[in-house]
Amino acid sequence: MPLWLYIVSSVVKSAIVLGVLLTAVAYTVWLERKVVGHMQNRWGPTRVGPFGLLQPAADGLKFLFKEDLTPPHVYKPLYIAAPMIAVIFALTSIAVIPFGTYITIDGYNIPLQITTDVNTALLLILGVTSIGVYGVALAGWSSNNKYSLLGGLRASAQMVSYEISLGLSLVGVLILAGSFSLRDIVNAQGGYFLGFIPRWNFFLQPIGFFCYLMAAYAETNRIPFDLPEAETELVAGYHTEYSAMKFAMFFMAEYANMITVACLATLLFFGGWLSPFNENVWLQAHGAPQVVLALLPVLWFAAKVVVFLFIYIWVRGTLPRFRYDQLMAFGWKFLLPLALVNLIATAIAVAW
Amino acid sequence: MISIHLALFLIFGVVAVAGAVNLLAQRHPINAALSLIAVMAALAGEYMLLGAEFLAAVQVIVYAGAIMVLFVFVIMLLNAGVEERTEGSRVAIIFGIPGVLLGSILVAWVILRYSETEAVPAGALPGAPSTIGQLLFHEFLLPFEITSILILIAIMGAVVLASKPEPAAGGPSKKLATEQKVND
Amino acid sequence: MNPNLSLWLIPVLPLAGAAINGFFGRKSSRTAVSTVALVFSGTAFLWALTVAWRASSIPLPYQEYLAHWVRSGSFSVDFAFYLDQLSLVMLLVVTGVGFLIHIYSIGYMWEEPGYYRFFSYLNLFMFFMLTLVLANNYLVMFIGWEGVGLASYLLIGFWFTKDSAASAGKKAFIVNRIGDFGFLIGLFLLIQHFGTLNFTQVFDQVKPLAVESSGAGLLTAIGILFMVGACGKSAQIPLYVWLPDAMEGPTPVSALIHAATMVTAGVYMVSRSHVIFEKAPIALAIVAIIGTLTALFAATIGVTQTDIKKVLAYSTVSQLGYMFMACGVGAFSAGIFHLMTHAFFKGLLFLAAGSVIHAIGGEQDMRKMGGLRSYIPWTFLTMGIATLAISGIPPFAGFWSKDEILYKAYQTSWIYWLIGVITAFITSFYMFRLLFMTFFGDYRGAHVDEHGQLHSVHGPDLHRDDAHGHGEPHESPWVMLGPLVVLALLSTIGGLVGIGNHFEHFLAPVFGSEYPQKIAEGSGVNELLLMVISVILALAGATLAYVLYVSKPELPEKITDRMHGLYEAVLNKYYVDEFYAALFVKPLIGVSTSVLWKGVDRKIIDDSINDAAEGARHVSDNVRHMQSGNLRSYAGWIAAGSAVVIAYMVWLGVGR
Amino acid sequence: MVPLSYYLVLSGILFACGVAGFLIKRNIITIFMSIELMLNGVNLSFVAFAAHWHALAGQVFVFFVMVVAAAESAVGLAIIIAVYRTRETLNVDHVNLLKL
């Protein structure tokens, strides 16, 4: 592949992914409001556009034009840097996530992924996620507000704790795939059990998936693990002192993280872009255009991600918040041992 | 012409050195911690250049993601402030910085003067996770097990040291959780 | 292939007895203590007999190697034993007489506190004496040499609560040290010049050397130094002064250590080193002169002593002089022969004296005895035999050995002979004086009514609780009389082995055969004449004693009155002790006090140590400020140190 | 292509900065971070040497260094908390009871 094509394709891919991602973030917010609204027997946003579809745009505009207040006794450099750190690292992790197979342009296979297939993609995502803690923690500390500080402390402790369970829950999948490469992991899930059940890791690793989901919810500070921003205790937690675009950045970071988690869940446990049905073979046999063949997996991928986002919102609308000690006890005394048992069982099974 | 490899090396190197110097210059521990994170991230980049992908990832996850989080956590917990200047510190600065400068210049000169100038190609030694794992669980199994015991001891030691003199009944403290993270 | 004689058992058995009694004796009954002591020393004696029997069938000398001791460069010393005819004789004498005295001691010491201690010491002495006798090199011999000194010290000071006993012990020890000093220097000379202390190796190297007849040389020096050591141990002029004082110890100790065995160690050592002495005529002459003079000198003192044990002590010194005289004239086998017979009769004399003392409740002054013949007939009988033996009346043991010595002395020089014969006359006189004063005439002592009162005035047996409660002198129990009888028997017939030079032939492998040939040359008539002269003189001495102390008891007073000055001098042992005190002890104490104690010890040693401590305190007082407790200063020091190391490495690298 | 010595120089500079930080910093946490900086400097030379000598063991060493550093910082920070609890200060110059 010539260098220019590499650069051009990278730039184009980055632009598309970023655009899609930000839009997705915005519409996840809309989706959440809508779903939660219906769950709570109300309508959610309805006024702006049909079904309130333009609501995200209105919100964005509002954030942009609101006055950006900076409280007087904050530690300014970090106060400003914190939301940036949060959003940057939230968006970075999407870079290594593959959305589909390849597009062939002029004889060159261009992977549907911003970077090339990195051998240690999963590790990079974990690393970037763990760095994401700094955004929350620094925001809480630099605000010079005790609620914020408590929120920041809670967030860092919580995220650091659940990161272990998160990592361990993935090791089972890694053992099955034998690689850190997300593409390899997805490809390892091709095929069917008994001819019709997709060979997804979910069916092999149900406990692993459960652990992953719980840890991921905690990592993203979502209900029922949203202690860092528990409004009944800490006003708004680490972003109490933030407003306008800075506040929006935290919001974006949170939803971007949700999407990353959903993508990972899809890739690791639900076959990524692989279809549950065998329609690709059928389509190829019937001479479907190449573009369709290339984009159909992306569609499958997106569909699965949306399902996960819906589950996120569903959980939010259903479950109450943990108490902090319950949260820690759950993480250390239940989730970690469970993930370990799962790991050992998987290792033994594979060794057999 | 500077190769991309050298350019990347220089970029990461400059970031690392800048972070290190900033660590010295900053008086607030949290800034120092952030500088150190920058150094570590830059070093992860250097590791990538040297082909040590796994180490680069571990560097980020363990150092930047766990150890430094722990530092930041403690700084926040103790609400560490700007360090005050004292007589001793001035003496240390007057003698320490020139000494260190002199020392590093000397070492650098010696290394550059006397070491072989054989170049290290980018990604010269692919430190893939699988090969590292092979090595770790075969040749270095005993050290690996010993370090795991070390970590276990460190966990218990940290819990004992950091727990309040009167152990509170009930679930694990926040501290416990944080220390345990190091096990990653 | 040499048979294994297990020589090591002989010394180790008494050591075991000493250890058992020493560690557990305090809590044990007297019966148990005596059983242990007797069993171990008796077994040693039996084993010695076995060894003697088996030794007749194997080639001597026999060596037994036990362990390394010193390994330093080419110089090495082993724990090893050596058995030849000489050590065999000594072995039998030591274990045999030692065993008899052990038996005797049971009766004699029964009432004493510290009974176990006594037997522990006694067994310890046996161990060291046997080590001395069996050693195959000078260093192991020296262990025994020092060990018997230690045991002697402990036993002399057995009644350590009594001042005179304690100081007598110290005196013995210190005087012995002077002798040991000479011995040690002799050993150093041996090491320096021959590189070994092993008897056989030393003698093999000495044998080819020329006789130092023209002037004094290395061997002469070694010989004289050895003689100094022997003088100390065997109580010869000028170091004899400790032996009379050693009589403060219990009588069995006097018999065993200060008559029969330990004091003869010097004679043994000189005989053992005969190869060296034979090459050094001057040293040999010195031995002879010292021996002769001591014999005469001690005998004259013996005439005036009234303490029964002191008389015997001077007699011992005198007899040892005889032995050295024999060695000095090259008649080593005669010396050893006399050593053996002397062990019998002098041991007997002391034991009998002990029996006498026992009989009259601790009295030692002969002036308070007399007429004991009828009270203690067995003691009288045995002591009479011993007296006959020491006086040289045939056919008792002393006659044969003394005659042998006098004959050999005559062959070397008639002066030795003359003095020897005069000494024999004096010996006969004072021994019969002792016998007559003790057993004849009327009992002059007080009848003991109140227990202990009399004892507190006299005698070393102060602590004895006189449980007999008698008013009359009484015969000793058979446990004491038994050894007396056995020794009397030996004193009677022990000399017969010397007839026809049997003993000399037996020892010939050790001492060589040159002297027997000389004897063959000498005329038999001459020997018979000398024999007759000495017997006549001995009988004359006995007769004189009878006249002075039995038939005309008032005569001695007159004589002493007339010869007042001389008598006083002799009575006070020629003022030798006082002379030594003035010449050595006082200046030594003065110098020690003024120079060594106040000068060296206080000013130099103490002050230097104190100053060093003070200085260290000052320095650390200043240095400790470096230890500021400031973490970063520590870090600075570490950094500076590592910088130095790095700089050094760099310099190494650059300078390469 | 980057010569090995460049990596070594970079590692040396980082190490020297760590030493300097250890010496001139007063805050005990910062001092701790300086130690981590030194460890990182050493790690870099390990990795560079591993690449240079084609010996993967160097990377494994770095792995161990990281593990030990993690244990060390856990205990160290716990100690710092304990010290702060009793001394109410993080300035090492004020924590100087370790003297006569």
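By letter and in written order, the chains are A, B, C and D; residue numbering begins at 1 in each of them.
The working rule: a contact is a pair of C-beta atoms (placed from the backbone, for glycine too) under 8 Å apart; a residue touches a chain by one contact, two chains touch by 3 or more.
Given the structure is predicted, the values throughout are model-derived calculations rather than measurements.
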Clusters that remain linked by touching, chain B excluded: A | C, D
Pair sharing more residue contacts (C-beta pairs) when B-D is set against A-B: B-D
Closest chain to the centre of mass proxy, which here is the mean CA position: D
Rounded Å distance between chain B and chain D, as computed from the means of their C-alpha atoms: 6
Centre-to-centre distance between chain B and chain A (centres being mean Cα positions), rounded to whole Å: 28
Rounded Å distance, chain C centre to chain D centre (Cα mean): 78
Between chain C and chain B, distance of the C-alpha-averaged centres to the nearest whole Å: 84
Where chain D touches two or more other chains at once, by residue number: 19, 23-24, 26, 93
Residue numbers of chain C (touch at least two other chains): 630, 632, 636, 639
All chain pairs that touch each other: A-B, B-C, B-D, C-D
Complex contacts: residues of chain A adjacent to chain B: 75, 77-78, 118-120, 123-124, 126-131, 133-134, 137-138, 140-141, 149, 152-154, 156-158, 160-161, 163-164, 167, 178, 180, 324-326, 328-329, 331-333
Parts of chain B lying in touch with chain A, wherever the complex brings them together: 30-31, 34, 37, 41, 53-54, 56-58, 60-61, 64-66, 69-70, 72-73, 75-77, 128-130, 170-172, 174, 176-178, 180-181, 183-184
In the complex, chain B residues that touch chain C: 88, 92, 95-96, 99, 103, 106-107, 110, 114
Residue numbers on chain D that touch chain C, as the complex places them: 19, 22-24, 26, 28, 31, 92-93, 95-100
Partner chain B, residues of chain D touching it in the complex: 1-10, 12-21, 23-27, 29-30, 32-34, 36-37, 40, 43-44, 47-48, 50-52, 54-57, 59-60, 62-64, 66-75, 77-82, 84, 90-91, 93
